[in-house]
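Could you have a look at this structure, given as structure tokens, before my questions?
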Amino acid sequence: MALLETKDLGITFGGLRAVGDFSIKIEEQELMGLIGPNGAGKTTVFNLLTGVYLPTEGVINLDGENIVGKKPYEIVQKGISRTFQNIRLFKDLTVIDNVKMAFHHKMKYSAVEGILRLPSYWKEEKEIHEKALELLKLFNMDQAAYTTAKNLPYGQQRKLEIARALAADPKLLLLDEPAAGMNPNETKELMETIHFIRDKFKIAILLIEHDMSLVMGICEKIVVIDYGMIIATGTPEEIKKNKKVIGAYLGE
Amino acid sequence: MLTVNGINVYYGAIHAIKDVSFHVGDGEIVTLIGANGAGKTTILHTISGLLRTKTGDIKFLDNPINKVEPHEILKMGIAHVPEGRRIFSQMTVLENLQMGAYTRTNKEETNNMIEMVFEKFPRLKERVNQLAGTMSGGEQQMLAIGRALMSKPKLLLMDEPSMGLAPILVQEIFNIIQEINSAGTTILLVEQNANMALSIANRAYVLETGKVVLEGNAKELLGNENVRKAYLG
Amino acid sequence: GSNSQNSGSSDVIKIGGIAPLTGDVAVYGVAANNGAKLAIEEINANGGLLGKQIEYVAYDDKGDPTEAVNAYKKLTSNDKVEAILGAVTSKPTMTVTPLAAKDGIPMITPTATALEVTSAGPNIFRACFIDPYQGEVMAKFAVEELKAAKAAVIYNTADDYSVGVAEAFRDAAQNFGAQVVSFEGYNGDDKDFKAVLTNVKGQSPDVLFIPDYYNRVGLIAQQAKEVGITATLLGADGWDGVIGVNPEAVEGAYFCNHYSTDDTAEEVQNFLKVYKEKYNEDPVSFAALGYDAMKILAAAIEKAGSTDKEAVVKALAETNITSVTGTITFDENRNPVKGVAIIRIENGSNKLYTKMSL
Amino acid sequence: MNKRLKSYSINIGAIIVIYALLTLLMKTGIINSYYEVIVISIGINIILAASLNLATGYLGQLALGHAGFMAVGAYVSAICTSHMNLPDTLQLIVSILVGGIVAGIFGILVGVPALRLKGDYLAIITLAFGEIIRVIILNLKITGGARGLKGIPPLTGFNSVFWITIIIVAIIYTLINSRHGRAIISIREDEIAAESVGIPTTYYKNFAFSLAAVFAGIGGGLYAHYYTVLDPGYFDFMRSIEILIIVVLGGMGSLTGSIVAAIVLTIIPQLLIDFADWRMLIYSIILIIMMLFRPEGLFGKKEFSLITLLKGKQQALNTAPNSNGRSE
Amino acid sequence: MTFLQQLINGIHVGSIYALIALGYTMVYGIIKLINFAHGDIIMMGAYITFVSLIMLNVPAWMAIIIAILVCLISGILIERIAYKPLRNAPRISALITAIGVSLFLENLFFKIFGGNPRPFPVLINTTPISLGSLQISMVTLITIVISIFLMLALDLFVKKTKTGKAMRAVSEDQGAAQLMGINVNTTISITFAIGSTLAAIGGILYSTAYPQIDPFMGMMPGLKAFVAAVLGGIGIIPGAMLGGFIMGIAESFTKGYISSQLADAVVFGILILVLSLKPSGIFGKNVKEKV
């Protein structure tokens, strides 16, 4: 069974059918790309998968369970986490606190235990503190653990957002234009990081990106949409040659 | 046309721009490249008056502008496509374009400009009455550029216009930039996509942590080994 | 108070005041305070009390019970006053009375009319009538003098003074044989009473009783005219001052008061004159009561011959003086026994119509 | 472990020293009964401000109806006392707890519809609820209507106010520095991002909001049993504003800020009392000037910490949601 | 008949709320500040008219113009002194200074004129027009007509004129607005000027209807008008108008048919109901943030 399967997923805004007949399958540990022209509906797909928008049609099965209608936080707890096209960090909190937020649903101690500072509080807090530092280390950000998030350079903010999404312990990670605003060198570094994450955490990744060097460089499979509809699916090699994709998206 | 001479800019205690000098000649495309946080956006904001210099001066057409209010600077002929687009999300596409022509009094001319923008970006014409905030990232970027063109600037500042655009559009945006330029508008371009930027620019400045570290002919820099390593991948 | 000094010397007698000097009931507090200050000036000018000058320290309570406690404690702990004059409105007064009862300090409120005010302890007195008394007197007046068969009452639900007087009037009017056709409340911070008045008009009463303070009464009377009410308007002591606000609207109305300005008694005329000279405005009943309360207190201290608490309280209980609001003695509940003046508003001024008691 | 112990002992030590000092000063009469009233008002204001800070500073929801919850707590606890007859201290504790719980129930009733709204809409709907609560109190028999309640036994004293204030502030502090507090703060920072990392935002919004109502109710209970008279007019919109001013002036999201601001703003009007009718004019000018000079409040989002102060570090100010003691 | 009478009463109060709400909405629209001092501008308008008429003995039209000018200038000054320095501060700080300004104005007038209410001179002949047993006063008619006229004018102004559009642009993004060549300071000043003018007119009409003025008179109508603005959808001009009328009529009917004490509760209850069903008010656009 595929990790995630959508069937005829769609949403209409007013009269505009932003996404329609959207059916894909993502296998465990798969690295898939979602590309398409601006306004094609890529971010909208992410918003549907994470429960931000309620689809007007279709099903989303995660591990065989339909998650349509679930709240965003419930979907995170079920194993899909994401980053945003426009970075949404907790800007005024420290880097490490940003990461700790995402451990929330994995922790157990109750409000009363927290207030009374029972051993369970100390134990779990210590654990997640170490875990958060470890995670930051993977991204080479442990030095900046106590900097306020908004003071980070843009590229680091993107990385922090990925780290935070990972901390939620997903099975499927959705990345919305992770390389936007990065120069080619930084993009290269990011590619390595994404690969590394997939292998280390053994998770599937679905990413949206307009930087073809990144998409073609790391995705095993690519889905192309235009006007909300899938126009092509295939390996990077196939997509590169697809006439429709070239006409609508890649250009000459 | 624009001369920036030894400016220093601070965010509170943070010294973001250190003694930066450069100039942009009439009819040129000049590009600023540099890593994240190098200070490119800060420089553009300073030119258009949203930020103030501590020391140094900026001259536009031989008039000092570093003490002039931003709205006056626009009237002098500098338009700005800001980073992150900053379109008016509660207004429609059309209203956004009209705002771009705020200082203009001639209605007909405004309408002509709007037609011209629609020609360049047909997607905007399709969505003329959509609230700008609900448009996709790329659509918003087109709107931001279109809006800046509405004031018919002499100098156009562009902050990462290709960010988040589909490859086919990136190509197109760069074509449009060249078009705008050959129609007589001088352009100061900030880009992460250094390859593209250098290939259409006349000259370029490389910025590192608030300082100009390299400058020269764009084509030469494109061939420069250090630049290749650091910015072109 | 603006006139407090940090002298612990014993050549002055310190008297404390609590009154709303700021906030939305400041009008009443300032008037009462002015009256008290005027009395003190007179006493001091005539050689003071027991050969000493009176020093008056007044603090603002904003009409807020919490602030009244602060003021009380400051007066008793920091300023160590010998007696207290205040507070002005009922609720702050009742917050302070249990404390005063415990301390046994002589206390007289010029204007707090709520029934329970003086029940806190034998050292608490007041210079004004109590709410029920006024309501009953006006009911008697309406039925017996004006021969009213149908009475309507509207009152301010947010103000216990208004509620208390209104309820007493309603009950008494029924006892005297009138029919109360309408008994409706309105909100304290309203400016528009037309809705209520429109309903009252529908009942075509002979008299409309409005026990509230003059500033609101001005508005209500105006709007009563606008909706076409022709009933005779009646009011209570809170009305004193209404002719300064909206004389036309209340022309021909009656209200009860502690005194009448056309009383020819020397005390009254002198008070009117001096007050006007000093404050450049006509005194309202709050000012008169503030003045009288101070006079009562001073007389008691004089009589006691010292500022000893118990002696002063005892002297207060035996009060018998004649001042602006009449000849005052206290009953066993330490409420004043004095006549009520019924005032009629004629040609924009207050005319003594009759004197009444139950 | 050692560090933890040390920090606890320093804080507890400081509290005991303050308590002993205040008690001593009262016994010797240096703090006379006037100053004692001020100390008690400060305590009650701290409770109200700290609880509002939970809703407004930490949760980030501007609430303008806090006085409504205080009123519920005050009336309910006063009525409770009049229907029971326990030993004084126990009676007080039971009454204010009942008051607090009922206020908390009102918090949920108000929170469920109100917290679906954002920003100023939330502010205005809480204002509306606050006013409705007041109108209801004004129209009930059991609350005495416009006449209010009188003769409530004076059970509140310095000891009860002191210790309850300490307990409430400590609860809020430890809560904020736990995963639940982080969840509350995440909502302030970015609600959408909070949901996207798995935080049930609706639950935490209601949780924080009704807990704030519980504490406000307890504050109200203490108030009722100190002043012994309740006046519905007291719990109006301006009272909510007064509490909000304390929170903002102290710094939204700073408990120590709320404490300091409660002290300052309780004392200033008392100092101004000698200026009679100039008093409010001066107060308003002070308020404007303070905000113009410190728009983020006295403490911003920082906490003042004794430990760092004692260690003589330069930064005695410690970022709040950070349980592990380091700061930027 | 009572019904119609109550309705007319409601529309009268409602149109005053609406007029005041317009000013609130405009100021809120542009700097997202609940301008608590707005209610006190009403009071100022009334007092200045009073002073000009009684103490300076000028004719009524001149008194009104003086009042409007004084309020307009005060509005601009208040923004410059108390709000402008806080433009980049947390919004709630500006809210607190607004409260400070409100307290300041109230107590300033208290200090100058005392707390005693003053009779407001008759500006409009108050003999009511009778239609059967129905009474409509001139004041009511004039108030309604002026309010509706001003609302329409204002709506056109904001929608059609450049300055109006500039206001909307400034309200969204001051930086971007500057890049369009908009003078942000001027635009904000114009907004305050308009808002204060409306408040001054509102104050005069209010005092004509309830001819008694005191330093705290602005608080209640200010609060109610703000609620009206929110009810209709804050920032939206016809919304403020509709909200004002709904509040006025609801108030009048509750007082007339249920109970005066409950009028506030009903009004606020309607607000809660509307916001529960439509979180951004009746005319409010329910814009979800796009992520």
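For clarity, chains are labelled A, B, C, D and E in written order, and residue numbers in each chain start from 1.
Assume a contact is a pair of C-beta atoms (placed from the backbone, for glycine too) under 8 Å apart; a residue touches a chain by one contact, two chains touch by 3 or more.
Please read these numbers as outputs of a predicted model, since none were measured by experiment.
*Asks:* Using the contact definition given at the top, which chains are in touch with both chain B and chain C?
*Replies:* E
*Asks:* Would you kindly say which chain has the C-alpha centre located farthest from the C-alpha centre of chain B?
*Replies:* Chain centre farthest from chain B's centre: C.
*Asks:* Express in whole angstrom the distance between the two chain centres, defined as the mean CA positions of chain B and chain D.
*Replies:* That pair's centroid distance is 50 Å.
*Asks:* Roughly how far is chain C from chain E, centre to centre by C-alpha average, rounded to an integer in Å?
*Replies:* So the centroids are 36 Å from each other.
*Asks:* Where the centres are mean C-alpha positions, what is the separation of chain D from chain E, in Å?
*Replies:* Comparing mean C-alpha positions, chain E is 33 Å from chain D.
*Asks:* For chain E, jot down the residues that touch at least 2 other chains.
*Replies:* Those would be 107, 110, 261, 264, 291.
*Asks:* Pull out every residue in chain A that's touching 2 or more other chains.
*Replies:* Where chain A meets two or more other chains at a single residue, that happens at 43, 52, 84-86, 88.
*Asks:* Enumerate the residues of chain C that touch no fewer than two other chains.
*Replies:* 22, 26, 30, 157
*Asks:* Which of the chains are touching one another, listed as pairs?
*Replies:* The list of touching pairs comes to A-B, A-D, A-E, B-E, C-D, C-E, D-E.
*Asks:* Residue numbers of chain E touching chain C in their complex, please.
*Replies:* 2, 5-6, 9-10, 13, 107, 110, 114-119, 126, 128, 135, 137, 206, 209-212, 214, 216-217, 219-221, 251-256, 259-261, 263-264
*Asks:* Provide the residue numbers of chain A that touch chain B in the complex, in ascending order.
*Replies:* Residues 13, 35-40, 43, 85-86, 153-156, 177, 180-188, 210, 212-213, 248-251.
*Asks:* Per the contact definition, I'd like the list of chain C residues that touch chain D in the complex.
*Replies:* 1-2, 4, 21-23, 26, 30, 58-60, 64-66, 69-71, 73-74, 76-78, 91, 94-95, 98, 114, 116, 156-160, 162-164, 188
*Asks:* If we count contacts the way the header does, which residues on chain A are in touch with chain D in the complex?
*Replies:* Touching chain D: residues 50, 52, 71-74, 76-77, 81-82, 84, 88-94, 97, 100-105, 107, 109, 111, 114-117, 121-122, 124-125, 128-129, 146-148, 164-165, 167-168 of chain A.
*Asks:* In the complex of these two chains, what residues of chain D are touching chain A?
*Replies:* Residues in contact with chain A: 4, 171, 174-175, 178-183, 185-186, 189-190, 192-201, 207, 301, 319, 321-324, 326-328.
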